[in-house]
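We just call them A, B and C in the order they show up, numbering each chain from 1.
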Amino acid sequence: MTTRLVVTGTPDPLWLAARAALRRKGAQTPEVPDVSLEQHGLRVDVDRLAAYSALCGFRLGSGLPVTYPLVLAFPLHVALMARDDFPFPILGAVHLVNRITWVRPVLVDEPLSLHVRAEGRRAHRKGQVLDLVTDLHVDGARVWHSTSTYLLRGTGDPNAPSIEPPPVADLSLGPVRWRVDADTGRRYAAVSGDRNPIHLSALSARPFGFRHAIAHGMWSYARVMAHTAARMPFAGTSTVWFRAPIPLPSTVRLATDGSGRQVALRGMDDRTVHLVTATNSFDEGH
Amino acid sequence: MPCCKGVAVSKSSPRRVAVLGGNRVPFARSGGPYAKATNADLLTTTLDGLVARFGLAGERLGEVVAGAVLKHARDWNLTRECVLGTSLDATTPAYDLQQACGTGLEAAILVANKIALGQIDSGIAGGTDTASDPPMALSDELRAVLLRLNRAKSPMDRAKVIASVRPGHLTPAVPQNVEPRTGMSMGEHMAVTAKEWGVTREAQDELAVASHRNLAAAYDRGFFDDLVTPYLGLSRDGNLRPDTTVEKLASLAPVFGRGEGATMTAGNSTPLTDGASAVLLSSADWAAAHGISPLAWFVDGQAAAVDYVNGADGLLTAPIFAVPTLLARHGLTLADFDFVEIHEAFASTVLVTLAAWEDESFCRERLGLPGALGSIDRSKLNVNGSSLAAGHPFAATGGRIVASLAKMLHEKGSGLGLISICAAGGQGVVAILEAA
Amino acid sequence: MGILGSDPYATLLATPLGKRMVDSFGLPKPATLRRYAVDAPLLDGPALLGWLGDDHPIADRIRAILDVEGVEVGDPFDTLPAAAVIVDLSDIQGPADLERLRAVVAPSLKRLMSSGRVLVIGRPEASATSAAQAAARRALVGATKSVAKELRAGATANLLLVAEGADDQIEAAVRFLLSGRSAYVSGQVIEVTGGGPAAERTEWTQPLAGKVAVVTGAARGIGAAIAEVLARDGASIVAVDVPAAGQALAGVANRLRGTALQADVTAPDAGERIVDHAQLRHGGLDIVIHNAGITRDKLLANTDEARWASVIGVNLESILRMNDAILRPGGVSDGGRMVLVSSIAGIAGNRGQTNYGASKAGVIGLTQYLGRDRGLRARGITVNAVAPGFIETEMTGAVPFATREIGRRLNSLQQGGRPVDVAETIAWLSQDANAGVSGQVVRVCGQSLIGA
């Protein structure tokens, strides 16, 4: 039976994460907890939204950026992952893929309900994956939905289905280049609350095997979505495949299919693909 | 129109310029609902609303001209950057313009002139301002240090430069609402002028109350349904106080001027405001081809300036001089206008303007007229409210007034409208619209 | 953090035992419905076509449509998979002829592909010439609805009644019912009453090309989806919504290259403003979709005058008032189309929605009245309604959780519909080629058990 936990305060992601990181728990727990964490009557803080919009390049309008509900849901994600019965450790899980579906734009002044649960733990070639599923309801109806797929590296199953983005060879590199500043991780941490040490500084990233701090995947995804915002469908689905972290600082290049529906962020070399996104209008199927 | 025999002039004969409509966001008190919205946010939103109202998505217009009085250095190409973020075709040219509070109206005059000359067929004139997000500059001292740091070659040199920073250098330069040449704020300037003209507190408060009531009534009858697009939860101007009364305003303490004769309060002065506006102008042919019926014709515009530093004129009195010039050019008198829109920077600005035009000796001596310019029937003045009620995001006021006046003239079906806007630096921009 | 008690029904479904119960009844696991795409074929596989009698003009017409669309017409008694089974029983004379329905459809059902179509053609019972014929014609209704409940995997069954003399006006309806446009329409009886002008050649990928369509309540939800689908089918869009929804409205209009009109549908001049705007900006007005609606739910015992008046005012009275301007000459063009959005609540009623149910039933009455109006028929104007069932959008969100979960499940397709499903039905009713359908109420409900 699904236990529905209604979160009434604002959980502090930093505290939860720190507590969870200290208590080493078994990645061997077989099941994902059958728990739905919920928050009701949530209001968008326009100041915070403005800071997020400015950092990612969105214009502050009456509709939320499609990526923004994940910022709102971040404390619930952490609260769920910090539970003793959650099978993955909170630090070290890799965000592989994220798929967002929206039925319509979510407006800044609407009261929101968030529902977060984990499901679909399954084998991957490099370990285990599971999905954090986030639903956003307005007036009780789901208007926005996200599936965030995380990988925990370990003994994998070579026969497991792979999670591959569409090919990027057809995407052409245009003139768009973005300088990603050294403090991008710290600035995104401040607006998103995601203070994972791998994003903050080279020093704090090193214990986790990174020579540099790396940009938040969700920042780079949001930056791409902001760039193509004028061509977003009213209702649709957007998927991002995170391929390679963006070291800080660095310069990235944008490759698109011309319509802005498919985009790749590439490095300055010819090999590196940082992420790939694909966006479809709701009725084009997915 | 001067003409030269034997030269083909048909191309350059001026065309009539149509005002097709406008859009703005509700104006918000500074630090309120739009506290975190930038000029680019406000202007992009406003342009997109205008584009939607007239079905211009994907369309290339002749140009978009807009500006902001308080502008960040990063917004050096504000209007063009905003156009790129809208649904307009990305090949629509755009540029910034700034003439203090006259920005919006001056932008409209510029676009109208280009249309009249046949250089463009359509264009948007607009303006945006946010007093909530003012640009702050580094102190001159700190800028000098940073430039030196940039040039420093060795770590030692850099360390030396950094060591030269003093705490005082870190104080930013904040834009101030004062005239650079006098150090006086606009309100203080106006207080002097108001005192000179003997404008009473009661008259100012009555004008303010009328502004609030007129604006509220216009909202109630749906006048702004096709002029305003809500933004960030605000659907009416945040400064609007429909229930204000002369009694309530009388209780406020003066904020400008000193002592006995001080009459200017927060109630009869405009507050700092955030907002943006935009107006769509075109040739008659372009309007017809797009199935848009003009609301009004943009007849003509005029700017004037006064020497408020060394001369005898008040900072905000330049429209008093601009209007007679414009009227003379068209053989019109004040009585010929069905609507008069005088921007209410302060209630006293409007009252001084009216008083000056009624003052025979002033008109004779200063305006070079044979007698008084005339008086304006109060029932024709700011009939749907003005800046005291709506607020005054500097560069956005011109667009607000042009669009509203055009609609008023269209609703009436005939007649002329006059716009008068005072601006910092002793300037004034005025214009005439005619019902279409 | 605290724990919120869940409602018993949802809890039941969430328990392992509940899940097993649901599984053993063979209920959920909803199929992915085949939905329309511009470049999608009419059907994904061959169609089986059966008929009654020697002379079968309707079956011939349908075969012609299938030929044009490159759909292979298979043998009803073959065993290969089929995307549709169509049986023309327009010539049915008495109960004995019903065997033909069984004979054609029964063996086909096992071969029916997912999102397959069962289309039964009959005649209206009202024009039957014998008691036996009336009985048999009516029997098709019960048979089709039962078949719809037997189907699985997103397949639908519908009955198309063709009035005598309207045979040449069925093409739009046939195409609609076979295509993915009718994904969430099942168990319905649709009548082609005829009386419209003979359909001209239609460009079926852009059936609304050159048309000007007004959609009220277009800023979000079903209204935005309607605007989107009408634009996709070629119409120029006037998107109307209240001034307070202006920014969302601007987004819809700009994306669809249409125009936004901020207007309150209850304003006395709303109809004139809509007509003026469409005529002036777009040079005409061909399609009007009355979609704007609100809910103010409360048990009637607790419903005050304001809650009552606002719902009746927005959902019903405003349409009557706007129609004064829209339906008079100079408003909607001759040959125009009007579609009203009703609701399943207007058919079945809904606890706590007395005001809403009243208004939406009123919409049906209005539609049926206008659909019969001789003046409008003479001008070639059709008036129809759609009644959405459980559609995943914010309006249904006001329904309590348990009712909503039941609503989602209690239909033959075992899932909620999407706004686009309602929009597709409206777009079909808006086609020129659909001149023969007027005064109809088409439920877009996946054959909901509610109000069936």
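Please note the rule applied: contacts are C-beta pairs under 8 Å (C-beta built on N, C-alpha and C of every residue); 3 or more make two chains touch, one makes a residue touch a chain.
Here the structure is a predicted model, which means the values were calculated and not measured.
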Which of line, ring, star, complete and other names the graph you get from chains that touch? complete
Of all the other chains, whose mean CA position lies farthest from chain A? B
So which one's got more C-beta contacts, A-C or A-B? A-C
Note: chain C sits from chain B at a C-alpha centroid distance in Å of 51
Could you state the distance in Å from the CA-based centre of chain A to that of chain C? 38
Taking each chain's centre as the mean position of its Cα atoms, how many Å separate chain A from chain B? 43
Tell me, which residues of chain A touch at least two other chains? 61-62
Touching two or more other chains in chain B are residues 45, 86-87, 230-231
Junction residues of chain C, two or more chains touched: 247, 251, 255
Any idea which chain C residues touch chain B in the complex? 239, 243-247, 249-251, 253-264, 267, 280-283
In their shared complex, at which residues does chain B touch chain C? 45, 48-49, 51-55, 57-58, 86-87, 222, 224-226, 228-231, 235, 290-293
Chain C residues touching chain A in their complex are 1-4, 6, 11, 14-16, 35-37, 220-221, 224-225, 228, 247-248, 251-252, 255, 392-399, 401, 404, 418-420
Per the contact definition, I'd like the list of chain A residues that touch chain B in the complex. 46-47, 49-51, 53-54, 59-62, 108-109, 229-230
Contact footprint of chain A on chain B as seen in their complex: 33, 35-38, 40-41, 44-45, 85-87, 230-233
